[in-house]
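Structures for review follow.
Two complexes come next, and they have one chain in common, chain A, joined by chain B in the first and chain C in the second.
Entry: the complex of A and B
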C-alpha cells in the first residue's frame, strides 16, 4: 500500500522534474558555459576564460543598467506597496459595491503589459504634453519619455499601475485572515486609526507584506515588457534594464557570450536578494 | 546573392517644397540657407524620429559618405587614424541640423515621424527611400522626391549613400540546394524584381532594363554614374550600439565626449576583429597598400 502511494507520487514528480531539468536547468548550465566564450549567437567561437566577467565590472553600460534597475525596483516596490495597502484597507472596509470595485481595480493585472505599455506610450508622447500645454505646466510640456533624467519615472508609473492590482489582492486576503475579536479587544484598549493599523493590523499581515515585498522586488528587477513598449532602453540609454540589456545585446547585438555572463551574475544577485528578504522578514512574523 | 540596394539622403514633400524654392541645394551652406528660409516661413524643415535610435543613423550615414573616408573603420583598425579625427566635422554638422527639426525629436519614433511627414508637418525627412512605402500608406496622394544629402561645401563632394538592403545566402551544408536556387531564380526574374522595386522604392542589384521608381529621380544621376558609397554603419558592431550613442550625443551635444567614447568603445568591441585582421595582414600583407 505504502509503496504504491510512493510510486504514484514518483510518477507525478518525475515527468515534471524531467521537464524542469530539460527546459530550465540545462539551458541555465549552457548559459553558464557560453559565458566563458565569445559566442556571438551564431558561427564559431573561442574560449575566453573569465574575460567576460572582468569586462562586466568595467562596462559602464552594464553598471548604468544595474543602477537604473535597482532604482526602479526599489522606488516602484515602495510606491506599489504603499498604494496597495491603502487600497486593500479601503476595499476591505464596509463600502457599497465592494465586489465591483475589487473587480475593477484588478483589471490592470489581466491586460497584457505590452498593450498597456503601448497605450501609455501614446499617453506620455501626445496626450500628457497636450494637456500640460493646455493648463500651462511647463515641466510636462515635452514627453516624459524623451527626457533622460525623467524617463524612468514614466516606466515606474506604468509598472506600478499594473502591479498594484495583484499586490492589493494579496493584502486583501491578508486582511481577511484577521479575526474580528482582535479588533474588538483593541477597541476596548482604545486603539483607533494609525495605532490600530500599526499595532494590530500590520503585525498580523506581516507574512503577506513579506511575500509582496519579495514578489515586487523580484518582478521589478526583471522589468522587460514595459521597457520594450515604452522606451526601448532610451533616451540616451537611460532606461536599459538588466533583462532588456541581456536580451537586446545577447540576441540581436552579437554579445551572446558576454550577456550570458551578465545573466549569470544577475541570477546570483536575484537569488541572494530574495533569500535575504525571506530570512529578514520571517523573523518579524507574529503568530496568533 | 544581393537583390536590392536602398539609397538614403532625404525625402522631400514635393508640393510643399516647390512652393518655397525650386533649386535643390547642392552644398551644405545651401542646405542650411534653405532650412532657414523654410523655417522663416513658419514651416518645419525636417522631421526626426529619434526615439527609435536607429533613425539617428540615417542622416549620420548620408553625411558620413561625404565627410569621412570610406575605409575609416579599416584605417582605425590599423591604428592609422581615430574617429575623433575623421568624424569631428560630421558630428558637428549633425548638431547643426537639430534646430530645423521638431522641438523634442526624442519624443517621436520612426512611425510617428513617417506619419507626421506624410501629413505635411515638415517639408523634408532625412531618411532612406525604404521609408517611402510607409509614408505613402498614411497619405497615398503625397508626391515624394528624394535627394542626396549635401554635406560638403562643394557640389563635387556629393556622394549618394547607398548599400545592399536585401540579400540571400544558401548555406554550404544546405541539403536542398537545387530547390533553394529555384527560389532565388524566381526572385531574380526581371518581372518579379521590378515588382519588388516598385513596392519598396529600391534599386536592383542586377543589370537589366529596369524602371526605377519616380521617387528616386532626384538621385538618378548618382545611381547611373555609380557615385555611391556604402553605409558606414555596416562596419559598426551592433553590440557597440552606435545608434544609441548618437542619440545620447544629440541630447547631450558634447562632441568631445562622444568622439572619445566612440574611439574607446570601438577598440573594445572590435578587439577580436582587430587581432584577426592584424594576424591576417602579418601573414598575407595588407590588401589596401
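Entry: the complex of A and C
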C-alpha cells in the first residue's frame, strides 16, 4: 500500500518537474551561460569572461534604462497606492450602487495592456494637445509622448490607469476584514477623519499594503507592453525599460550575450527586492 | 446618530470623478471606431462627437486586415488549453507536494524549487527560450501553451497548496480504506474538493494568458500566426494613419473579454480577490 503511494507520487512528480526544469531552469542557466559570451544570437561565439558585466556598468544606455525603470516603478507605485487606498475607502463606504461601482472600477484590469496603450497613445498625441489648444495650456500643446523629459509621465499614467483596479480590489478585501466594533470603539474615543485612518484603519490593513507594494513594484519594474504601445523606448531612448531594452537589443540587435548579462543583473535585482520586501512586511505584521 | 444612515456624498463624488476617467477612454474608442476618417477634424469636438451614422464598415475592414477570426481562434485555443492543463497539472503536483513535503526532504525541496520560479523574470528566459523552442520545433502555439503551463506553475502551486492544507486528510483516508488507489482517490475525492480554487486559478490564468503579448511575440514571431493582442501589434503599420480602422480593430479585440467580464463579473472579482489575498 505504502509503496503504491510512493510510486504514484514519483510518477506524477518526475514528468512535471522535468517539464519545469526544461522550460524554466535550463533556459535560466543558458541565459547565465550566454552572459559570459559575445554571442550575437547566431553564428559562432567566444567566451569573454566578465567583460559583458564590466561593460554593463559603463554603458550609458543601460544606465539610462535602469534609471527610467526605477523612476517609473517607484512613482507609479506611490501614485497607484494612494489613489487605490482612497478609492477603496470610498467603495467601502455607504454609497448607492456599490456593486456597479466595484465592477466598473475593476474594468481596466481585464483589458489587454497593449491595446490600452494604443488607445492612450492616440489620446496623448491628438486629444490632449487639442484640449490644451482649446483652453490655452502651452505646456501640453505638443504631444506628451514626444517630449523626452515628460514621456515617462505618459507611461506612468497608463500603467496607473490599469493597475489601480487590482490594487483597489486588494485594499477592499483588506478593509472588509476590519470588524465594525473597532470603529465603534474609535467613535467613542472621538477619532475622526485622518486620525481614524492613521491609527485604526491603516494598521489593520498593513498586510494588504505590503502585498500591494510587492505586486506594484515588481509589475512596474517589468513594464513592457505599455512601452511597445506608447513610445517604443523613445523619444531619445528616454522611456526604454529594462525588459524592452533586453528584448529589443537582445533579440534583434545582435547583443544576445551582452543583454543576457543585463538580464542576469535584472534577475538579481528582482530577487533582492522581493526578498527585502518579504522580510520587511513579515516584520511589520509581527508587530501587530 | 445611527438612525440617519445617510449616503457618503464625498465618497460618491470621488467615485463618479474616478469613473469618468475610466469611461472616457472607452467612449473615445467606441466613437472613433464607428467614424469615417472624413469626420475626424482636428478639434476636440470633431474627434469626440458621436458619428453621423453608425456603420460597421470599419469593423468589416479591420476584420479583413487583421485576419480577426483566425487570431481570435488562436487566442481562444491557447487560453482554454492553458487553463485546462493548469487546473489538471498544477493541482496534481500541488497535492503531491503538500501531502508529502512534511516528511520528505525531496518533496519539500521540489516545492521550494518550483515556487521560487516566481522570482524569475521573463526577460532572462526570453532569449534562451526563443532559441530553445526553435530547436525543439516548438516555436508555435503549442510551445506557447507549454511555456504558460511552466510560467504559471509557481503561482498556481502556491494557490493550490494554500487551499489544500485546509482539506481534511480524513476524506482521503476513508477512500483508501475502501481499497482505492492513490490515483483514483485523487480524482474522485481531492480534485472535486478543490473546486473553488480551480475557479480562482482558471480566472487568474485566463486573464493573464488572454492579454499576454510578450510570450507569443518572442515565441511565435516566425510562425505567421497571431494571437488577438499580437495581431494589433503586427498590423499596426497597416492601419497607417487610418485611426478609425485601428480603433475598430482595438475595439474588436476588447469585445470578447468585455463580454466575458459582463457575464462572469462576480466570479472574476471573487476569484481575483481570492487569489490576491492568498
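In the analysis below, the second predicted complex is superposed on the first by the 268 of 288 C-alpha atoms of A that agree within 3 Å, B and C clash if a C-alpha of one lies under 4 Å from a C-alpha of the other, contacts with A are read in each partner's own complex, and residues count from 1 in each chain.
Methods note: a residue touches a chain if its C-beta (ideal position, glycine included) is under 8 Å from a C-beta of that chain, and two chains touch if they have at least 3 such contacts.
Bear in mind the structure is a predicted one, so any value in this text is a computation, not a measurement.
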- [ ] Could you say whether A:4 touches chain B, chain C, both of them, or neither, answering first, second, both or neither?
- [x] second
Open item on the list: I'd like to know which partner A:145 touches here: chain B for first, chain C for second, both or neither.
Closed with: first
TODO: For A:263, decide between first (touching chain B), second (touching chain C), both and neither.
DONE: second
- [ ] Would you sort A:38 into first (chain B), second (chain C), both or neither based on which partner it touches?
- [x] first
- [ ] Go through the superposed model and pick first if A:69 touches only chain B, second if only chain C, both, or neither.
- [x] neither
- [ ] Would you sort A:234 into first (chain B), second (chain C), both or neither based on which partner it touches?
- [x] first
TODO: Answer with first, second, both or neither: which of chain B and chain C does A:219 touch in the superposed model?
DONE: neither
Open item on the list: In this superposition, which partner touches a larger number of chain A residues, chain B or chain C?
Closed with: C
Task: On chain A, positions contacted by chain B and by chain C - done: none
Open item on the list: Taking the touch rule as given, give the residues of chain A at its contact with chain B in the complex, in rising order.
Closed with: 38, 46, 55, 61, 125, 129, 142-143, 145-148, 231-237, 249, 252-255, 258
Task: chain A residues within the chain C interface of the complex - done: 1, 4-5, 8-9, 12-13, 16-17, 19-20, 22-24, 26-28, 30-31, 34, 41, 83, 86-87, 89-91, 93-96, 101-116, 118-120, 122-123, 126-127, 130-131, 134, 161, 166, 169-170, 172-173, 208, 211, 215, 222, 224-225, 228, 242-243, 246-247, 250-251, 256, 259-260, 263-264, 266-267, 270-271, 274
Open item on the list: Residue numbers of chain C touching chain A in their complex, please.
Closed with: 5-8, 10-12, 14-15, 18-19, 21-23, 25, 28-29, 32, 42-44, 47-48, 89, 92-93, 96-97, 100, 107, 110, 113-114, 117, 119-132, 146-147, 149-151, 153, 176, 181-183, 207, 210-211, 213-214, 218, 228-229, 232-233, 236, 243, 246-247, 250, 253-254, 257-258, 260-261, 265, 268-269, 272-273, 276-277
Task: Parts of chain B lying in touch with chain A, wherever the complex brings them together - done: 50-53, 103-108, 112, 237-239, 241, 244, 247-248, 251-252, 268, 272
